[in-house]
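Next, two complexes with subunit A in common: one pairs it with subunit B, the other with subunit C.
Up next, the complex of A and B:
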């Protein structure tokens, strides 16, 4: 079932002579054959012909790399610094930081092409996505602080909850985005003085818990989803108000969502899905109940999300998508199994999804960009230790600096 | 408004060549000549424009007025002219009695001799008036440039518009009278606005809107939105929310959507539940199906008006087919079913009919998008709600989907739920989690499922879903993994062996499934055959699943065989 091919390779960046490599192509999944890229390299810049395993010490500094050269089946050890590796890449495969910053800043003007994403019911969430991305790109002042706070507080209702835009009904998702934004810009004081106060927000969230089952609804209409459970834990822990809810019941509910394949679904019995897995694992992490997770089974299932082109999908036999480089990767990070996927391939994939001219990242190479995928592509790169990016907290999807400020080092 | 268009027909003095030119064109025209007044009328040429006619009329009526201000006393040739000019100014601008008797006598003599118009002409007022009236039509063309015919057409339109406005006003009065319950004095019946009159009014408003747009353009008096034109919405004041100038993350709405949203805010504020609100929600959903508030308001309307749920579900089916990636549709359906269920819970026939109709629709929509997560999570919820685990149709439907695409992970997951949450075969409730063995499960069910999984795995050995399912079934049934060892070994042959030509290790291998290798590694480890397990894992790292090298290496470390060189 394997095919061997001998190809002469000349990498454009390679100053050395080309080398002959033997490559084995495996039809592990259908997409392997369809991508067509054989990932051959002639220099140290791109690795994929051999498998690389990185130790998880990385925070942008040097990491030791164990390189397996399969032709000679020897163990080679190369010490490559991450920065060196990525500086040698051609321009198109580097992160176009300034373009992305410009893209995010341009989102607050009226433009037709962003209509679909910045629709009314997502406006506050859109601000959260854009702002987090700017913080991670190292440009926290990219959006004006006081205007952001004004806007966020203008979305608040009497009940304490926040709507997606001024005049919109309060909903859990926009409330969580609001709390996250205020945490990032360090504006809980303004929430107390000018807004309805932290206690009121906590009360709104706590009222959305279904005290029989432990899960949370999105608003008074009662749609229940583990996303809202995670949102509640996220916001309440940032506000320091976890005591307002029945944490144990909620944890029981999350545990009941565990499936036979190791993953978690939207409700008990539903199919395992990477997005839901993130919400469940993060909820359990915040509640300090990771003991309930079968980390090996889950880690295996998550590692299976990686396709031959390096991208991650959300469920078996689905297409890759950049936003899963957050949902899957942060889950792996939380259970400490990030080294179970091929990180360089994933970095390559994310970098290919960016629009280096106009900025922004799309769900897969060649598609239209949007702020959602821009954020999650950047968070993915940050988790993988890409140089030049601020560290992101894998549980809260906020800059690590924000989390250290709120919870202490 | 300066008089327009009438001069051509009126026989009037002063239509000579001198009069066709404006006073400004002839700065030194002798004003004292009577020829300007006495010459016989001459028909204006038909091609003259409105502006020209206007000017012509003006010069006829105000022969001594000079709008441009270029004429001054010093420009007039003779003293006699100057006196006349002075007199014309005096008689219109001054209270004449303030001059002495002799002065008045002289003044009136000059006025009568030269037929000076005694009425005042306020130039500033005139200029202001000129500015107020739009001189450009809706296409930006100067109205002054219109020819007579075009001008008449325009006047006709304006007259039509006025008539329509009168009729519309009459309609509003009629409707108002109906609201107050008036009785028609002649026939003795209560006043009623019929449907045909409503329709007429709608058409009339559209016509008015069109005319206004043609005459005055889209600014100001121009086009209004669809709802503003609809007589049904006359009594509702829309709540318009404008973004401030430099709003953060401002949104570009289409005007239709913005208008519909402002009406929605108004009715949601007043908590109105009526058929027109329902229609409004349908309109907005067609514009933006992802707006969750409008869905909730629609649900509120349906429950308040006690409309038949099944009709709503039929309508929802259409919307669902058009918007496959929409959360709100499925939550709406959830709400509807929650509301509907109590009425059929005691009637098994109705229950099964409903379950069948739902299944039919779900099959239809899954044909469009076989792995739609919202559809599948709704489906598993519905099975739980209606209690249809045991229904063979449900299982068959799931099997059909697996037959069509053995890689459909959602279908596999649903099958697991159907089989292992069925209260007949399993311990109900959450005593045993999905990942735990359940002693109540009958052995034959486990055998059946294992057989089913094995059959499907053979069709696509590299597909994860089948292997995950097999593993899940074995755990649930409390079986050991080694019971499928021989099955897994079907997919792996000659592991680690050399080929015939002696090309090196592994070239004689035939591995149809990396998942089989994974399972075998686990089985061998359980049985204590660590070397064999290590071989499987090593080949996975080296060749058969390199991208997950980190994981396989971790498994190798877990075997406890000490440091290994590849």
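Up next, the complex of A and C:
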């Protein structure tokens, strides 16, 4: 039986070197539950020698693909019906889309719950997580647009930065979430007319750069972390304001965070961590400096995150956690090594982490759900080509449709 | 512990009578003149009727419901203070923010409020900076080293500690780096395994030129090596040990110190037949990076071979061992 086979290709129009066409040969009997993720533009020129793949979409979610065999001597054609295949799964192993939508929509109504108070410090981040999940589930109107914008703008300070909720101090992380939300709902215009404007946000972020070392602080109190560097790159590139910062210095800093084991940490010499790896690889991708990444070594480190149960962990000997379906998987995606993990097993693992009745996804099967794990479970499934989900952008953790709207196809 | 609250409890939260609970909690949490508080948060059934705290010297238990009630009072006092600063004294705001951080260790605004007040106190020059900072360090260390699962690893709290230490440097006050690593990092590291931000803080302490000039490299290696031996499944400890072996490795005594540590680790791995991932990732990275002498490397290979051939080595362990050799053979000698 043919196993999953990926071919990393580079789309000639790809601005970020991150989009790819990946294909799995799926026996028609459906017993091997691999899935492929296809960018359905249908227009890529076929260059067999370099591994390009053309795809075309039929109706009802079935696709025809031309795929490579291992020796590249032959083109095979398989007719895949991904929807059909997934309909053969038992009930528990399907994505409970409508339950998850209801769960996310109910979050803001739970003001009596302990959890609501406990999470005020990340309310704006929570809105970004919930909204992105809704977009990927195909329900972008799931949260009311104008109220969402009102809430985001109510978190903005004079400095241009955003706090996690009204009355909370401004910080890079909540500022980035604000920009991501406004990008998704196409509200940069409202930021100009009713908020402090894009330029002020850009200024707030740029002022957090350490001009000696290139890295970024989270706020005026000076904690430095590659998460904040990535946040700056993410938000400023969405706003079209990368020229406000010293990109080269920041890139040098990220490169200095590479460890001998292949991973990246929070600062030079820090422990390798999947989350920090994502921030560093994504930053280098935005800056078009993937040439600085030792992809083989990093890919090896990342592929070792998969455990026997299919889940991914963040560091050696840690437990599996659904959120690493994002941090690890998107990193692998960016460096073209997603085929170095067993994707079927990961899909199964993520699906087992759902609460299919009340909705939401938890860190591992049986635990309590939360919106963070709900988002990253869904983004993981999207990256893995799970049918019925909108495509997620592996660099920005936003719907691909948002990225295409802002940066062009 | 469930995060949902039943209707009965929810009703209690709406009661106007939250203030006495707040006073009770704050009273119990007042920082002693020396040492740290050991705080736990427990379910209500541990407490006698009408009580929200239990106290035994430095050990404090707060009921979960009592803490939520106290938090609601503290939250509103913080909101008022942000509008009208003169409404509350510094000491009252330290109480307010401590309660908030005990309830929610990621409450950035509460932590920043403490920085604002501490900074103002330092700048007025009326109080001894040593006293101000020492008190603040004990407050944050009480939260970082207690048996509180979220607090021990909180990036907000570790960042607050980093800021406090940087003030020590600004005011030319000495920092006992080894002491802090032992009393804060190692303890938090044990309470919360693979404590990323705790061990980041250790690197900050060691790397900080203005505070680290009395550092005893050998002693520090000994402390961390021992910690790793007691927590051999903790990748963060091993990763910090790697960092230390690389730190100041050009000083004359470094080579002998490093050889000693590596020999101790190899000896222990051999004797205890350790085949877990954290240890072998540590060893393979050292071997790959050329941090082992040829002799040590040969011993490393011998141990690996021996463990592979041992029947009782678990299958996962054997996979780890194979990968370790494969990996360092690939990267040994490369940059």
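Criterion: the second predicted complex is superposed on the first by the 320 of 409 C-alpha atoms of A that agree within 3 Å, B and C clash if a C-alpha of one lies under 4 Å from a C-alpha of the other, contacts with A are read in each partner's own complex, and residues count from 1 in each chain.
In the analysis below, contacts are C-beta pairs under 8 Å (C-beta built on N, C-alpha and C of every residue); 3 or more make two chains touch, one makes a residue touch a chain.
Predicted model only: the values in this text are computed from it and were never measured.
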Partner chain(s) touched by A:405 [first = subunit B, second = subunit C, both, neither]: neither
Which superposed partner A:258 touches (first subunit B, second subunit C, both, neither): first
Partner contacting more residues of subunit A (subunit B vs subunit C): B
First, second, both or neither for A:269, with subunit B first and subunit C second: both
Contacts of A:368 with subunit B and subunit C, given as first, second, both or neither: second
Which of subunit B and subunit C A:345 touches, first, second, both or neither: first
First, second, both or neither for A:194, with subunit B first and subunit C second: neither
Partner chain(s) touched by A:107 [first = subunit B, second = subunit C, both, neither]: first
Partner chain in contact with A:127 - subunit B first, subunit C second, else both or neither: first
Residues of subunit A at both interfaces, subunit B in one complex, subunit C in the other: 112, 115, 118, 120-121, 167-169, 171, 219, 221-223, 260-261, 265-267, 269-273, 297, 300, 304, 308, 315-318
For the subunit A and subunit C complex, residues of the former touching the latter: 112-115, 117-118, 120-122, 163-164, 167-169, 171, 218-219, 221-223, 225, 260-261, 265-267, 269-273, 297, 300, 304, 308, 315-318, 368
Residues of subunit A defined as touching subunit B within the complex: 1-2, 24, 26-29, 51-53, 68, 70, 73-75, 107-112, 115, 118-121, 123, 126-127, 130, 143-144, 147-148, 151, 165-169, 171, 219, 221-223, 255-256, 258-262, 265-273, 294, 297, 299-301, 303-304, 306, 308, 315-318, 337, 339-342, 345
Complex contact set, residues of subunit B against subunit A: 241, 246-253, 261, 265, 288, 290-293, 296, 299, 327, 331, 334-335, 371, 373, 376-377, 380-381, 384, 407-410, 413-414, 416-417, 420-421, 430, 433-435, 462-465, 468-469, 471-473, 475-476, 510-512, 514, 541-551, 553-554, 565-566
Interfacial residue positions of subunit C with respect to subunit A in the complex: 2-5, 10, 13, 68, 71-72, 75, 79, 82, 103-104, 106-109, 112, 115, 155, 159, 162-163, 166, 194, 196, 199-200, 203, 207, 233-236, 239-240, 243, 246, 276-278, 281, 285, 288-289, 316, 323, 327, 331
